[in-house]
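In the part that follows, the structures are each spelled out as structure tokens.
Each of the next two complexes has subunit A plus one more chain, namely subunit B in the first and subunit C in the second.
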Partner chain A sequence: MSELATRTAVTATPVKAPAKSLRWLKLAAWLAVLVVLLALPLYLQAEWLKAGQWMMTGAVGAIGLTMLVGQAGQLSLAHAFFLLAGGTTYTVLASGTEDGRVVGFGLDPLLSLLIAVAFTALLGLAFAPVSGRLRGIYLGVASLSLVFLGLYFGQSADRLTGGTSTGRTPAPFALFGFTFDSSGSLQILGVPIRQAEKMWYLYLALTVIAFVLARGAVNSRVGRSWRAVRDHEASAAAMGVNVARAKAGAFAVSSAYAGLAGAMTVLWFDILKPDENEFGTYGINVSIAYLAMVIIGGLGSIGGALVGALIVFGLPQVLSLYSTQLGIFTGSGEGAFTPVLVSTFVYGAAIILVVLFEPGGLAAIGRRITGSLHRDRKKEGTLDETAAFPGPRGDADHRRVRHQGG
Partner chain B sequence: MKQRLSLALAAMLIIAACGTKAGESGSSGSDASGVKTDFGVTASDITLGVMTDMTGPFKNLSIGITHGNQLWVNDFNAAGGVCGRKVGLQVVDHAYKADQAKTLYPQLEPKVLGFVQVVGSPIMAALKQNIQSDKVTTTPASWSSELLDNPYVMIVGTTYDVEMIDGMSYLQDQGMIKDGDTVGHIYIEGEYGANGLRGSRYYAQQHHLNLREVKITSSDNDLTNIVTGLRGEGVKAIMLTTTPAQTGSVAAANKALGLNVPLLGNNPTYDPVLLNSPAANALDRLYVVASSVPYSADIPKAKEVSSKYKAAAFPEPPNAGVDYGYAVAEVWGTVLKKACDNKDLTRDGILRALQQTTSADTGNLVAALDFSKAGAPPTRQVYVAQADATVEGGIKYVKPLFEAPEAKGYVAPHQK
Partner chain C sequence: MHTFLQLVVNGVGKGAVYALLALGFVIIFKSTEVINFAHGSLVLFGGYLVVATRDALGWTGAALLGVAGAGLLAVVVERLLLSRSKLADPNSLALLTIGVDVIVTEEIVRRLGVSVPFIGAAWDAKPIQVGGITLFRTHLVAMAVAAVLITAFYLAFKFSNWGVAMRAQAENREAAALMGIRSRGVTMTAWLVAGLLAGVAVLFLATQDFSGAGLSRATHSIALAAFPAAILGGLDSTAGAVVGGLIVGLVEALSAQYISFDFSKSAVFLVMLLVLVIRPSGLFGTREITRV
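Here is the complex of A and B:
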């Protein structure tokens, strides 16, 4: 506990000049990534953009889950339920009533999106009596019940979801009258900006907002209280952290992220269609896929969640696009190697390797690389001893605390 | 370091300025003979798309359909093609996953004139908006009448609801059920089951039948307790809109419990694989209704397709998908020829040609089809067939093509 206190103190001290230059370098690297992401629609064909949007949808959901599982230490398998809740809320609010089968309010899409996020946060909060009392695998199993509740809800509330038979079409997203479809004759560098390109920028904006907010939460008081509760509830309470509140808050925030990812899922598919059985778009398999992203990326690491989403949601997409282009994995029938199968193997293997050899996940590997960069600079004598931690700030420190303190 | 970064940024800007994907969009216009074209048509070729399931849960049927499509393409090109062009297929495998289909679609769509095959109702649901906005005529390998609200959807054969109505009238004609009886219907939650149920509800209402509806999910595989329950209700027949495995379970329970009532299944409920299962001996009470013929059908066209299938030496054993796939493509051939006569091989031209198709003949592989009425199934005729291990393809006719009077009066959900 004292370690945690000192660690917090260290991160709070004003950072010395050389570390500041490193921080600037990191910021520059993130900016470079952002510039590349902004430029991609000018080069990539629509199908690659579509795949990219799917990865960003996964990234938003995974950021939410990594805060809950990694930072606050609460295992949840309910993510798919909140995806369905968010997608349904958005669709019901934003879609009109022209189809008499279903209920619709025809609200502004942006407003609908915000309400959907707020509503899923409230749903997560409503689960607090359960999430506050249970921990570990017990909480995981309890939260799994929500997925089955979602399955039942999707099938029976067909006035809201459109039913498993036909589903319903969500209103296309629009921002202050600017619609995200193929209309208009906007061009950038001679590239017509149509639906695929517009949606890319929308998803990128949502992902960046989700990312920045999550970084903020993790590096603030809120994040510290989550980690304190994760590491030791009693000592957290002794330090003045309201444990019940911290736990409920983490669940609410994570649910809100899942709600946003759910609305993104619905917009990506152009349809809200509840599952016919437990293995669908909002089924157990999806909950597990999100957990896999979080584990591969490194529990609690926001950047790691992005990379995890890239692997778990991106790999099947990229492989199947390449396989049709290059004619690989074109077997058929029994025992054929398919993109889906290959990517399942890859991410299954990634989980095992991560758990066995690098429990910190890809994020820890990333930190080691930046850490070695640090050491090089130390040799040059530009960095003083006190700032020479392998992970300069953020979640790495807290993980080390956890490893030592159990 | 600042220098390095600014260099990198400058380099990125330079790359951005040249070599974007600008100006790569498709061309449209008309060729020397005045035939208008846009997507998927060149001076020498017409490309049709196939989005199928070669490795997922419906691979047997899908591979059969794809082979059927290909056999037709070979025949059609050997006969000279259409408008001086040969037809080719572009095949992709989505493994019955909607998210994969959603990304494969934009890759394939700009290269094809239309889709001769899109497997699966979840995939059709996810692509519905795209098909409409891209105006690309599509044949789904899914027979729900709910799909017919989209003018670009061309269903070859009748729909699940009409199959049920025709089938129940067959049972009544044969004296197996009568007005006022109690009958059961076991159906899978989802588009397939809901559409089948729509038909049995309609028929039950017409004949004052007491319909017991039992909803299951596609992952339930032991239905013994459901059949026990239906026995308690005193049902005289059981309708099935289920998977083949579930059909086998119901048939076995029907026999084992001594209920022995007739079973009536939609066309996907039967798979010849059932003949190798423990339920094989219980299938004698199962009647299957379908509008495309079984593989071993005793009609000249089916025999022709069968001999071509053998000659092509495909590794997979044949199933009813082969004839269906051939028939679907044959309908496409009719539409292409009509579009060619109209001198319009654009996507709009294909839709117009489809709506002008009031009689598409497939040599009786499928009942005669009429696509001119929006929202209505193109045919209401079905065959009734029974399982038979002694014939190739495992199924034989008990009643040739017919249309029940009840089916004639039935209004499909999107019928105008």
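Here is the complex of A and C:
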């Protein structure tokens, strides 16, 4: 994996010492995006908000996976397992015991969410004996075993999961007594704030927190140790990085993100329903979909993970919303092209194209655009020499050397 | 004891099919260091060709076409996609095969729709009783075919020019190229052979005797069980593929009976995990040595 990562993954770390002005420009752009996202519920219909929440769920999971695969260089196909683990933990802790069929603790939803995230992190740590010893594809296939274990767990532990046939309903999320449902008569600018709007803000908050924390981790000492281990384990050890700890830590962090995404998945569906076979909500195909987000976005790039989630999880949502308007995808039953199917084709093709033509993913394309912006400005003489940006080709290697040096 | 013997017989019968699939992984890995995640879709493609053409061609003709088709698809994937990106390292190419797998599998599942056709067989499906143990004919044929194919592969690998070239390339790509071995030809044949083996394997997979179910998405996931087989044997060992296949077949059969049917799939992967924790490169795999 290490070679893969160095070739394909360029870190999300901002290049050292880009011009100050550009950094402000970037920050301003992110803020503008945030403002737009905050305003959207005032203009969009509930079903579009619902679609947006699904993309944000994907984004949180993909941010976790891109840190593991791209930054720490460990291939994992286990993401779906941690989704199931996080969703189940939240549901079991937060739901009440009214339904005698299942176990519930009726804890505060926020507390349940936090415990669910912590618990999935521990599960990720528990995988350390395996993840620490294996590399690359071996680790990928080994982690696949967790998905099969999750499938078995979902089927057999029906006191916790509600079973494959009926599932169970999670408690609605609530924050200090404020429930995220249709109750209350809150209004902003004349727009009634109902469940869809509230959930939008909740998901947005979770995504922003996940994003900011991930950026912090990647830019810190922790992120540097991950990249050192990714690039060369033995050299990293020689440089004083605790390889085992860095690897286990990356797996734990990534699992925690997946656990949060799992709780968001359960809340989005408003039901926890384990799979009957390995191709469901928590199956291999989901692991692959998350991997697709990460590859398409550019391995290791946090921003890329967001765009990847937009494509892989957003496309089926958008297509199905448009299909009713445009009258496409009206076929059903045998041989029909459903929005999900079309999106699957699209992201399958996107994986192939990215690996063939732009191993850095969409993040590299974005970087190239800001890079050319950068050079234009340099021509105008507004930039100091240290900020020289490497050319669009071969910049990955250049930056890698820099990271190793730094 | 009687049940146990019966389970061992069943396990070995299934294991022979897994060995064919695992051998496909190993051949591709040996020659190119790429793990072919699209192996399951080659299996589905071969099976689909058989189902689609057997009315017109008869079973034998359709089977030959299916096997050839799976081999051809493997070569097309290699020529069209993988060979174009010589600069990319094997691990990113493995990710590329995930993309291929997603597309081919979804398309075939779409074409199959709700139908789950059995591939059927040219041989009589009636089981044979030997001393109180039931022998499924599909398993017997599978074992015979696997034995013949694996022996043939082994002999070719040891004695033919292709085998020498392949071993040379597996040993050291650059050195082999300098010695005048055409890596293009070796790689292409490796993918062809792996595809053909996948095409043969599916003839046994989607039958009543093997899985009790016809060709569907589930067939793809049965093919996934060949992953643990290849990995626990050691990805670069042909003997490991055979042993791995048999282990997977046995573990599946025994755990389905003695633990639970739902658990049998996980059991296979758990055994693989156990082997990997003890021997990170599988039972027969070469160990990686790192130098700084």
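The rule is short, and it goes like this: the second predicted complex is superposed on the first by the 364 of 406 C-alpha atoms of A that agree within 3 Å, B and C clash if a C-alpha of one lies under 4 Å from a C-alpha of the other, contacts with A are read in each partner's own complex, and residues count from 1 in each chain.
Assume a residue touches a chain if its C-beta (ideal position, glycine included) is under 8 Å from a C-beta of that chain, and two chains touch if they have at least 3 such contacts.
It should be emphasised that the depicted structure is a prediction, and the values quoted were computed from it without experimental measurement.
Chemist: For A:Thr97, select first, second, both or neither according to whether it touches subunit B, subunit C, the two together, or no partner.
Modeler: In the superposition, A:Thr97 touches no partner, neither subunit B nor subunit C.
Chemist: Between subunit B (first) and subunit C (second), which, if any, makes contact with A:Ile295: first, second, both or neither?
Modeler: second
Chemist: Applying the document's definition of touch, where does A:Leu341 land relative to subunit B and subunit C: first, second, both, or neither?
Modeler: both
Chemist: Tell me the contact category for A:Leu149 with respect to subunit B and subunit C: first, second, both or neither.
Modeler: second
Chemist: With the two structures laid over each other on chain A, which partner does A:Asn242 touch: subunit B (first), subunit C (second), both, or neither?
Modeler: Neither partner.
Chemist: Which partner chains sit in contact with A:Ser220 here, subunit B, subunit C, both or neither? Use first/second/both/neither.
Modeler: Touch status of A:Ser220: no partner.
Chemist: Should A:Glu278 be classified as contacting the first partner (subunit B), the second (subunit C), both, or neither?
Modeler: In the superposition, A:Glu278 touches subunit B and subunit C alike.
Chemist: Could you say whether A:Ile351 touches subunit B, subunit C, both of them, or neither, answering first, second, both or neither?
Modeler: second
Chemist: Could you give the residue numbers on subunit A that contact subunit B in one complex and subunit C in the other?
Modeler: Subunit A residues touching both partners: 155, 277-279, 333, 336, 341.
Chemist: Mind pulling up the subunit A residues that touch subunit B in the complex?
Modeler: Counting only subunit A, the residues touching subunit B are 25, 28, 32, 35-36, 39, 42-47, 50-51, 54, 155, 163-167, 169, 182, 189-192, 196, 268-271, 273, 276-281, 316-317, 320-321, 323-325, 330-333, 336, 338-341.
Chemist: Can you check the complex and tell me which residues of subunit B touch subunit A?
Modeler: Touch residues, subunit B against subunit A: 1, 5, 8-9, 12, 16-17, 19-23, 25, 54-56, 59-60, 63, 92-95, 97-100, 102-108, 122, 125-126, 128-130, 133, 144, 146, 188-191, 194-195, 217-219, 315-316.
Chemist: Applying the document's contact rule, which stretches of subunit C touch subunit A when the two form their complex?
Modeler: That would be residues 35, 81, 84-85, 88-89, 91-96, 98-103, 106-107, 110-111, 113-115, 217-218, 221, 224, 227-228, 231, 235, 260, 262-263, 265-266, 268-270, 272-273, 276-277, 280-281, 288, 290-292 of subunit C.
Chemist: What residues of subunit A sit close enough to touch subunit C in their complex?
Modeler: 1, 3-4, 7-8, 75, 129-130, 133-138, 140-142, 144-145, 148-149, 151-152, 155-156, 232-235, 238, 277-279, 284, 288, 291-292, 295, 333-337, 341, 344-345, 347-352, 355-356, 359
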